[in-house]
Structure formats: C-alpha cells, structure tokens
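Two complexes follow with chain A in common, the first pairing it with chain B and the second with chain C.
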Partner chain A sequence: MTDTLVEAAHIASATHRADATDPDWVRKFRAAALERWNAEPLPDRVEHLWRYTGPERILPGAREFTSPDGRFGDLPSDFADAMFEKAAAYAVCRDGVLLRCAVDSMVADLGVVVEDLHSAAMTKRKLLEPHLGALRGACDGIGAKFDHLTAAAFTGGAFVHIPRGVTLERPIRISSRIGGSGVLAARSVFIVEPGAQATIVVDLASAEGSEDAATMFHETTEVFVGASARLRIVFVQTLGPKVIHAPAVRARVAHDGLLESVSVALGGGTVKALLASELAETGAKANVLGIVFGDGRRHFDHHTFQDHLAPSTTSNLDYRTVVGGRARSAYTGRLRIRPGALKSEARQRNHNLVLSDDARADTIPELEILADDVSCSHAAAVAPIDEEQVFFCESRGFSPDEARSAIVLGFLEPTVAQIPGDLLLARVRAALEKRLAAVVGAQGSAR
Partner chain B sequence: MLARMTDATPLLDIRDLHVAVDGKEILKGLTLTVGAGEVHALMGRNGSGKSTLSATLMGHPRYKVTAGTIRYKGEDLTTIPVHERARKGVFLCFQYPLALPGVQVSNFLRQSVKAVRGDVPTKEFRPLVKKHLETLGIPQAFMTRYVNDGFSGGEKKRMEILHMLLLEPSLAILDETDSGLDIDALKVVAEGINRLRSKDRGVLLVTHYQRILDLVVPDHVHVLLSGRIVKSGGADLARELEVKGYDWLEQEAA
Partner chain C sequence: MNPMDDHPDATSAVATSETRAPESPTRDIGADFDAKYGFHDDESTYDFKSKKGLDHDIVEMISRYKKEPAWMREFRHRSLEIFLSKPMPKWGSTKLLGDIDFDNIHYYVRASDRQVANWDDLDPQIKKTYDRLGVPEAERKSLLSGVTAQYESEVVYHSIRADLEKLGVQFTDMDTALREHEEVVHRHFASVIPPEDNKFAALNSAVWSGGSFVYVPKGVKVEIPLQAYFRINTENMGQFERTLIIADEGSQVHYVEGCTAPTYSSDSLHSAVVELIAMPGSKIRYTTIQNWSKNVYNLVTKRAVAHADSRVEWIDGNLGSKLTMKYPAVYLVGERAHAEIVSVAFSGAGQHQDAGSKVVHAAPNTTSVITSKSISKDGGRGSYRGLVKVHKGATGAKVNVKCDALILDDRSRSDTYPTMEVDERRVAIEHEATVSKVGEEQLFYLQSRGLSAEEATLLIVNGFIEPFTKELPMEYAVELNRLIQLEMEGSVG
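Moving on, here comes the complex of A and B:
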C-alpha cells in the first residue's frame, strides 16, 4: 500500500474507533467529514497559505492514530496552580481528551458548562449540533482539508458554553498535555452567548517525559462570540521540539461582540497555525495578538485572516516573531473588507526580529479592500536587533548577552503582559528566558 | 600590565587620540586630562568631533581608535568592553537616548544598578529612586513606562540624569545633554550634574552653548576644532566664545 492508502486506512479506522460510543448524529458528522477528506485533493503549494509549509508536512502519512486511553498518570504540575489561581473552571486534557474538570460551584450555578466534547455530544445535542463544524466555510473555507481530518477522527476536545449575560471575572483554564509518537486529533467548541463575558486560557505543552516525542497534533477550535459578548482567548504553547502542531481556530463574532485572542507559540518543531475570524455583524471587533519565538530548527507558519463582512467592524492585529538558531518563521496575514462593510477599520502589524544569520523570517500582508469609506493600515518589518540599542544597554552595564535579552524580551513584552494569571505568566516568562539563554548565548559564543 | 593609581594619576588621561568612523578620521590628535573633582567643558561647533570623543570614551564599536591612548584611572580604556567600562564607573549621558520598547524603566534601572554597583537591596533602592525622582521633578508613574518610548525630549534627558545619579559614576560624560531643553528642564539637569560633583568624580560636559555653564560652572573649558583642542581656559573662555563665536579660533589655529 502507498502511504496515502495507509493514511486513509488509518484515518478511517481512527474514525470508526472514535465513533464507537458516539450518538448517531456525531457518527454521521464523522462519516461525512471522512468522505470529504477522501474526496478533496491536498491543497496546492502554489496557494498562498501553503507556500511556506507544504501540506505534506502535516499529513499523518504512515503514522498511527493514538487512541487515548483515558488515563492521565500524573497530573501536570500546574494543575494545582490553576486551582490556586482560582479559575472559574479548570480542565485537564491528556492527548486532547478532557479528563478532569472542575467548575466552581457558583459558576456552575450560572449555567456555565466546561466539559469534554464527547459528553456534550451525548447530552447537549441541541446546543452543539448547530455549532460543530459550522465555521468550516469561514474565510473562504481556508484550511478546510484539515478541518475534515479533525472532524472525522477527533478523539478529544473541550466544550465551553457561557450562557447569555453571564460575566466570569476569573478565567477558565484548560491545561493540555500531549505525548506519544502517533497522531492526535481534537475539536473544541467555545460558545459565548449574547452579552456574556469570559476569558479562556488554553495552555498546551508536551507531557512530562514526552518532551522529545514527535507527536502530531491536529486541532480545530470553533469560537462563537454572541452579540455584545466579549471573549478573550489566550493560547500558550510550549511543546517539545519535535512536535508537529497544526492548530486551526475559526471564530465568528456577532453584532458588537468582541474577540480578543492572544497566541503565544514558543514550542513545537513544525507549527502550521491558522486563525480565521469573521466579523460577521455590524460593530463586531477582533483584537488579535500573537508572539512566536523559535530557536534550533523550529519551523513556524502562522496565518491569520480577518474577514470584515459587516459595516463598522474593527480588527487590530499585532504579531511579533523572534527567530534564532536556524529557526524559520513565515507569517501571512490576510485582511478582507467585503463590499458593504463600510466604516470598517482594520490594522495589521507584523514585526520580526531575526537573531542569527541562519534564522529566517518572512512576512506577507495581504489586504483586500472591497469597500469604500474604510480605514486600513498595515506594517511589516524583518530586522536584526538594533545595535544602537545594544550599545545603549551596554553603556549602562548590561553585558552583550544581557543587552540582547532585555531588548528581545521588551519586544515581546506588550503581548506577554496580556497573559492572565501570575503563575502562567511566570511560567511563560521563564520559558522565554530559557529560550533566550539558548539563542542569545549560542549567538554570543559564535561571534 | 598592572595599572596602579596614585594621587598623581589623573582620572582620565587622553593623549594624541586619533579616531576614525567608517574609515574617516574625525579626531586628529586630541589631548585632554581630567582630574578627580574637576568639571571640564568641551565646546565646539557641529562636526568638530565632540560627540565622537563621547562615543569613543564609552567604546562605541563604530568608532575606531587608530592612534594615541586613553587612560582611565591609569588603565588603558581602549581594550575594555563597553559594559566593563560602565562597571568601572564611566557613564555616558546620551545626546539621543534610545527607546527600549517593552523594557520598563524600573526594571532597566534596577538591572543596570545591579550590574554596575552590585545588588542594592530593594529597601535601599526604592527610597534612593524616590529621592532622585523628586529632585528631578519626575512623577513616580515614569517608572512603569517603557524606557524612552514616547518620551518627550525633556523626559529623555531627565531619565538620563536619573540614571546617572543612580549609578554614581566616577567619570560622567554628558553629550550635549543641554540641547533642546527649555530653561526649566535645563535647571533640573544642571541641578542633577551639580549633585554629582564631588572630589572623587570627574565630569566632561560636551556642549554647544554657554548657557548650561552658567548653571554648572566648569573648572576648565576647551575648544575642539577639526578634531583637536585648539584652546583651553577657565570658565571665562565660555563667555568669551558666547560673544565672539568660533571664527577667531579658526583663524588663530590656521
């Protein structure tokens, strides 16, 4: 059998294994997705989105799908942190499966739901069915091929539902750990009903002892921000250096809703990430922040797409990239203002700091403005550290390495400062400093 | 070679210094001695080499010493890395301080003071900062801003003086710190410099204008012309220059 056939067989068997306990409607959902996966060709590399990372790099190929065994082993060390930080709810996922979850009783009384997708499919069909897979076609169905994969073969994922008008002061924390050398697929659905407000923090890392595993993780997250609702999602990813991570987040923001997204990508070996937001109704707004920091031979490919469908919609995007060693980053940012989306505002900014001669960063903004009377701007830059800044710091006693570290951390700081929770923030800062020590120190010795 | 400092060793001893930037010679045999306890003003037109001397003393990598010597407390300064110079008590107050977006003033100052003076306990650091903030008329909110990011010209200069006072350098070089300041800011900056004056410290004040020298009265004034010091004198020389300009010196030198 060719790899493709082996792959198809693996996906089919993963699909059937996963649907053993599914309700009928989910079984049909999977079967339809499997058909689409088999029918739809791989995206062409000449297509914009795949220019820097060929789709074959995130294909399962001959890899087996992991069937999560529902055991966690040791809880991640920050499980206690999440409790300590008094999250509104905290959930722990292993290999994509939400295994443990606790919702603060006062929060549960408000009707807030945090549970695994499978349970939600069993008991909340009315709520889940209209949403699961609903955003596949968002932003021109970008990346849909891999949406079929997670739709067919998902074995895990979270379901979060914030009822109408409910405001959560404290975040919902989801700590996710993955391991093994197989393929994992997960789908999550986050629904924030009209007038509700919440923060969801998803923290993804390789499981203890699996830091060197070459896990492949496909995940799709669908996000629905209702009218006048506010949702802040913070993704912090510190995966091991061999992991292949293909996350896709698709969001739809309704009338006067606000989506704030903060993505921190520090890990993974190959990361092919998509963040597609539809500003679907008048007054919808999205603030999209991201940082990427790669060393070694890590390969990052981030694509964002903000689609303004309605008048007076706003998007602000700021992605910052740091690459050292032989790391590689490609950022492609698309912005579309549809005809009729009058008085919309869109800002896009992507700055890249390149720390070594062998590292590389590309930035490609794409603006498609189809309406009049709109305000758009974009700024992109790729540059090494400013040596005048280094000299300034050195003149104040900073060693060359300390100077470079301070400048890089400062570059990332405005986004890092957005991470809620002191302990998670401390963990991110520690990860950044460790990364910096490796990158800046290595560069220093090479000089 | 072990450099020993005796009472006779000047704080800064520059002899026949030649410096080139991008292959072009800017300083052409500059000789200058600054003793402990002295304030020297270095004056001259734009392009005379004033800022080149400041940058060279701090060790900016673009400025190459092609001949001559710089001794600081008896030690050859030219081979010492920039940050080591800072740790040995050399401070350069920048004409155009750089913005460090994302780096908080408080963290920057704290790390700098730690590098230069060793760890100062928070209990001592805080009141020290507070005292200097008050002297310089800087609001406390300054400390949580990003270094020089969006600062006005006056704020940047105050930030430099604050940093200088916290580091307590042995040799302070102020590169046109007075330029672009209104009279109130100038007074604050001058007060900061005067506060630093002591019998152990030397100050090299690089300036265009005489007006700061009314507030910080120098012990010696030097005029730099085409990369050399062509005239030295006391505080009176600055006033003379204010009246007569630099042309007469050019003719004298020619």
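Moving on, here comes the complex of A and C:
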C-alpha cells in the first residue's frame, strides 16, 4: 500500500518537475492525465493482455523518476555516414529527450520537422495539440493505464511531421539511448500528412556504461497516417538484459493509407509491448511484422491489436519468436472486424521456435469478427528446430551448430531484411549471430 | 474493462433486425421452433419440487430425501460453501452471466417416484413428451443399447439390455449407482472435477441430481452406443446432472447424450458435470448434441482423464440455449494417450455459444486433434475459446487445432480465443482458424446447377459441418441434419 502511495507521489512530482517549462496547454494535459492515472485501477489479469505479465511488473513502484541525462555519449558509429547519404534526418535521443537533430537542408525546405516533443509543444501547438493523446481510446483504450503515466510524466519524446504530399526517399533515423536505474517516460508523435511517404527508423539501446542498469522505460508513440499516405516504422531494440521496457505504439490509418511496422526486439529484461492499429477509413492497410529473440532469462510479452473500423481494410500480421536459454515469450494478439467493415481482409500469424528445454513460448491469437463478408484467418505454431532440416544441412557439410544457426536465421530473415541502413542492419545481424551462437552452443553441449 | 464483454453493437444489431429488408435467405429461421418443440406438460402432476433458492437447508433436504450416505451429504455442503465463495467468471458473456438469478431457481424437482423398467409403464404425460422427441423409435432400434431417460432431475426410465448386464457393464443413473456401487462412486466421484474447479462445478456438486453412471470392465468392448436423453421441463428449474464414466483397462464405450428442451418464458439453468476416466488402453467416445430451448443457460464442466495408450473423444454439438459455456477437456496423463475433440456450434438470434476445448498434455508422446466449426446467424455470437497446455516433460506431444467459422449475415459475430501455453521444447503445436461467409461463387455454382439460394446455402452449411456429422451415430446425424434444416428454414418460398 505504501508503495502505491510512494509511487503516486513520485509520479506527481515527476509531473510537476516536467511541467516547469511547459506551455499552459501541456500543463493541463499532464494534470488531467495524472488524475486519470490516480483514478484508474490496475488492469485485471483475467484479460489476455495481462495474463502473462502482471501489470505490477511494469509499475514504477518505489522507483524514482530520473531526470534525463542530457549527454548522448559517443555518437553512433553510423551517424557520420548518415549525414546525409543514407538518412533524410538523423536525431539522437538520450533518456527519451531528443538532443540533436540534423535535417538535410533539402528535406527541411520541404517542411519536414523532426524535433523534441517539448520544443514542438512550445512552437507548434496548433499541429500538436489535436494529436497528443488523441489515440488513447484506440482499440478499446487498451493499456490506457500506462498511457496516463507517460502523458503525465513524460520528459522527452520525438515529434515528426511530414507535410502533405512530401515523399522522403531516405529514412528518418532516430538513435535513442537510455541509462540509469530510475524510471523514464517519453511520448512521441509521428504525423504523416495525406499523400506523404516516409520511413522512420528508431534504434533503441542502453547507453554506454549503462548496459547493466535496471532502467524502467515507459514510452508511448502515437502515429497518424493520413489519406493515401505511406509510413514505414522500424523499431530495433537492443537494450541491456535488466531493462524494463514498456513501449506502446498506437496508430490510426486513414483512407487508403498504409502503415508498415517492423519491430525487432532483441534486448531488455522484461518487455511488455503494445502495438495497436486502427484501420479507421476505407482502404486503410497495415502490415505488421515483428521478431522477438530471447535468451538468458529475458521475458517478452508482445500484444498486437488490429481494429478494422471501415470497409475494405486490410491487415497482415506476422510475428516470429525465437526463445532459448530460460527466456520466455508470450504473444497475444487480437484482430477485430467491426460491424459494417465489409470486404475486409485480415491475416495473423505467430510462429515460435523454442531452442532450449527451459525456454517457453505462449501464444493467444484472437479473432473477433462482427461482419460477414470478410476473409480472416490466423495461424500459430510452436515447435523446436526441425531435425530433418538440420540433417539436410549436415548432409551439405554444415556442423550441427551451424545448421541450427542457419535455420534460426533463415526463420527470422524475412523480417530482418526489412531493416534499412547497412550499418544498423549489420549491427542487428551481428547481435543475432552472437546471441544465437551462445544459445545454440549451450544447447549443443547439453545434447 | 473486459475485452470479452458483449460488444454493444452486437446486441443493438439484434434489436434493429426487424426493420431490415428480408434480403437474407437465412432470415426468420427457427421462427417455428415453438410450434415444433415448444410443448410442455402441466407441472401440477409432479410429486416433489424444492422451494426456489439455494442454501444449506435445500442441500440438506435434497440429500436426506435421497437417503444419501454422510460423506456425500458433507461433500454437498462443502461444495455449497465453495459455490458461495467463488466469484462469477469474468470472461465469456459476463452480461448474460450477470442476469442469472440464483434465488429464482428450483434446485430439485422429481417428476415421478417410480423407476420403471419398461417403456410402456411410463407416465403417459411424460411418455407423450418423449414421443415427440422420437425416443421410443430410437430405443426400439436394436442399434441402441440402454436408454436412461432423464426427465426432470431424476431418471425415470431405465433399461439395460440383458447382454450388457452379462458383460458386467454398469449403466445406471447416478443416484442408483450411489446406492448400489457406493465404493466405486466414492473412489471416483469428483476425482476429475473437484468442486473447487469452478463456480458452476461447485454448484453442481452441491445440488446434483441424476445423470448417468457407466462402468465398463477390463477388456469389454461395448459395440453399441449407450444413450441417455435429458430434458428440462419445469420453469426456472435447474438441472444439475452428474455423469461419471469409467472405462477400465482395454475397454471401449461410446456414450451418447442428446437434449431437446421445450421452450419457456423465463430462464432456466443447466449446469452439469461430466467426468470420464479412461484407464490404460481404453477408449471413450462421448457424443452430445444439446438443443436446449433458447432461454436456457448451459454452463457445463466436462473433463476426461486419459491414461497411457487410451483415447478420449468428445463429439460436441451445440445448437440450443441462450448462453452455452462449455469447454470439453482432456487431461492426457499417460504416455501416448490421445484426445480428439470435434465440435460444432450454431448461434442464432439472441444466442451466444461460448464453446471450445481444453487439452492438457502432461505425458510424453501424447497427441490431440481439435476441430471446431461454428456458424453464426441472425445476430448470434459464436466463440471458440480453447486452451492447449503442454507441460514440461511432455516431449513429443503433437497438437493440431483447426477452427473454422461461417458467418451468415452482417449482424452476427464470430470470435476465436485460442490459448497455447507451451512449456516443452520437443513438441509440435499448430493452430489455424478461418472466418468467412458462404462464398458467392459456391452459391452461384450451385444455383447454376438448379438449386435455389436456400437449398444451396443449406448444402454449403451441411458440407461445412460434415467433419462433425460424420462422427455421429446414424440416427443422430439424421437428427442433426433435421435440426440444422429447421434452423436454416424460413427462407424457402
């Protein structure tokens, strides 16, 4: 009980600390969120969303909210080459705060904005206010409790705005580092106006020297894809093994818009992730890809929700999970076709490869279909590596470990290949191979 | 908020259905259910009926009236405590569950004081009701073996064919079994489903009455299906039958339970507990088609324990009731045990079929196959809710789950809530589900061959549930087809 009181006090003081430099409207926004946080009970574990990861695991509890560090440390090794051959804009964030952003002047001339949410709040109220918090109620208001938390206490976050009709060939890169042992909260807003096209790559890792820190990071990202706009978002997460990461992405896709989301979760100690997409208008489409790679004692819990509100909407979801060591993954997903969302198509796939005896994979792919003229399906599978495939590879000269690694990498490749940026892709591949070698090697010697 | 709550749009859609143009070929289906099945007897001839409501006095009275041994009486009282202390489930249809008024239900009704040995000796009024259901014809067929006709809470008619008795097969109602085979009943009763399992299992444990007891001795193969008919007749009367089937080593039995209840205006509660015990090498098939009238709450706990090399099959059809929450379960506790669950659910206007299945793999090389078919129409809601759990050490387990749903109009709803919890690496788990409507192209093709839209739709629906129908005994397949036709009727002409 005292923990709850301490927690409430911490959140309140974090809110007040954060709003010191806020404009009035943001101060009000925070205050309302703080009230909702205090009023809203913790979600019930009877809901599938919380079945495998009780909400108390991502509660701040007695932890203090920390002020952002303000130093990024060494710039990422690919920062230089990103200027600007491979990126339209490059931003670095520390503890959620967008510290620096370099935008190609040609891109800036088009009106593209990439900046910290706080500075956007000061100068772009008209643009930001209608969007900030606008998707809280999306998909049944799922995970709303923690939306209140980031809304009240956020100290950072990115604001990206792509004006109408602008097509960016190169991605917007956001490199984000977190550290410390306290609680961090961030909110980001990405707006892609009608007819615009962009790719945003968010690469999140523990800051140098903080690899073993038990940072708790709550972040909420609201994504607006306008009519006939296309947005691809790639999240790559390689956090340290003790981090508690609770990201929530809420997206709304308008008429004929396309959202492509690729999330790669390789790190973190406890990860409770939510990806909720509303296909709000006719012809809206979402392609949702994800991979999860868990080793050690990592705990991953990913929830996806595609809500089809309008006719002729399409969603394709493919989540692939690999767990080894004593890692555990839970995937829960829901597909809903609302009444009247006729001619909609929805696909949901969740495949799980279990590499070790102590790893565990749970899956609940749900369908709620309230319209008749639709085509929906889902499939889920849980299995070890197919020994016949291993045998085949061995017959071609692979060692057993090489064969297993190749099969796992092949299983993940369709999603990994979606990561733009040679250096980031190379980093992800290297991380995967290194971690996989450890898992497969350990399994091989135990065999 | 609970994501499994009834979607508000689903209910409001039902309310507006009357104003719609009758373009759907499936509209008004089942409108004549009352005329065909809505008969009921005059209740005043019943010789015993408990007062409404539930407390320790009622439980004591039921137990004393049945002259039960002390352990059963204590079991009932303990179960009542559990029932009272457990909260309502927070999933399924919480709205409909919340509507149940436990104080407005008769927990025990006895239709007739006699156990009759011959069909012709049955009370004429009861007999008339059964005649409408076609029971005598079924019984006369040499295909069928024993018939336990459960009319109200107690078995009133019971005949066991001489050859079954010769084989040593026990097939009696549960109350008789408690008197005549107390030791066996005491050993197995509630061993598969303890009253702590869930609120409705606790309720049944407190007030159970009737149901079947089957014991098949070692190595005995019962060639012909054992059948029991269940009926609810008294308004606001709960029916709480309790069935226990034990197939000893190497034996085989097929048990068939069918239900067709007359319609009433206020809600009736049916909460059965069915326990199956499949000893090593045995095989149990349990076939149910429930067609409770559309105001019945059907909240049933069915579970089997399957020992090594045994095989348990649930063949489960759900047509009637207002709300069904039923998830036949198999606990595979012995090596190479196999579970097969084939189900079909038909949800019409105002109905919610929350059915599914549950398989727990707790031993190596166990296998399970789940096939679920659901049809929703006229604003009905069909939900598949399943659990597959593989425990550590259940290496080589194989699971295949396939759920298909057909939605016949835009007011209806279909949900799939499968849960797979896998704690063992060396397994193969597969789940697949599809939801669609009757294909325009299929309809067009059939119509080009001279079928009307209604006939074509019926043919497609029958084809859709064929994996289920083919598992039924012949008379049941015929009855099911007739019931589906009845449900689909109304569009012809």
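Criterion: the second predicted complex is superposed on the first by the 437 of 447 C-alpha atoms of A that agree within 3 Å, B and C clash if a C-alpha of one lies under 4 Å from a C-alpha of the other, contacts with A are read in each partner's own complex, and residues count from 1 in each chain.
We adopt the following convention: a contact is a pair of C-beta atoms (placed from the backbone, for glycine too) under 8 Å apart; a residue touches a chain by one contact, two chains touch by 3 or more.
In this text the structure is predicted, and so the values were computed from the model without any measurement.
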Could you classify chain B and chain C on chain A, in the superposed arrangement, as clash or fit?
-> fit
Could you tell me if A:Asp140 is touching chain B, chain C, both of them or neither one (first, second, both, neither)?
-> second
Counting only touches as set out at the top, which of chain B and chain C does A:Ser395 meet: first, second, both, neither?
-> first
Residue contacts on chain A - larger count, chain B or chain C = C
Look at A:Val46 in the shared chain and tell me whether it touches chain B only, chain C only, both, or neither; answer first, second, both or neither.
-> second
After superposition on the shared chain, which partner residues are touched by A:Glu413: those of chain B (first), chain C (second), both, or neither?
-> first
Look at A:Ser312 in the shared chain and tell me whether it touches chain B only, chain C only, both, or neither; answer first, second, both or neither.
-> neither
Lowest inter-chain C-alpha distance for chain C and chain B in the superposed arrangement, angstrom | 14
Contacts of chain A common to chain B and chain C in the A-superposed view none
Chain A contact footprint on chain C (complex, rising order) = 1-3, 7, 9-10, 13, 90-91, 392, 405, 407-437
Within their complex, state which residues of chain B touch chain A.
-> 58-61, 81-83, 85-87, 91-92, 94, 97-98, 100-104, 108, 111-112, 115-116, 146, 163, 167
Under the touch definition given earlier, write down the residues of chain A that touch chain B in their complex.
-> 386-389, 391-400, 402-403, 406-407, 409-414
Spell out the residues on chain A that touch chain C in their complex, using ranges where they run on.
-> 44, 46-49, 140-142, 334, 338-340, 342, 352, 354-357, 359-384
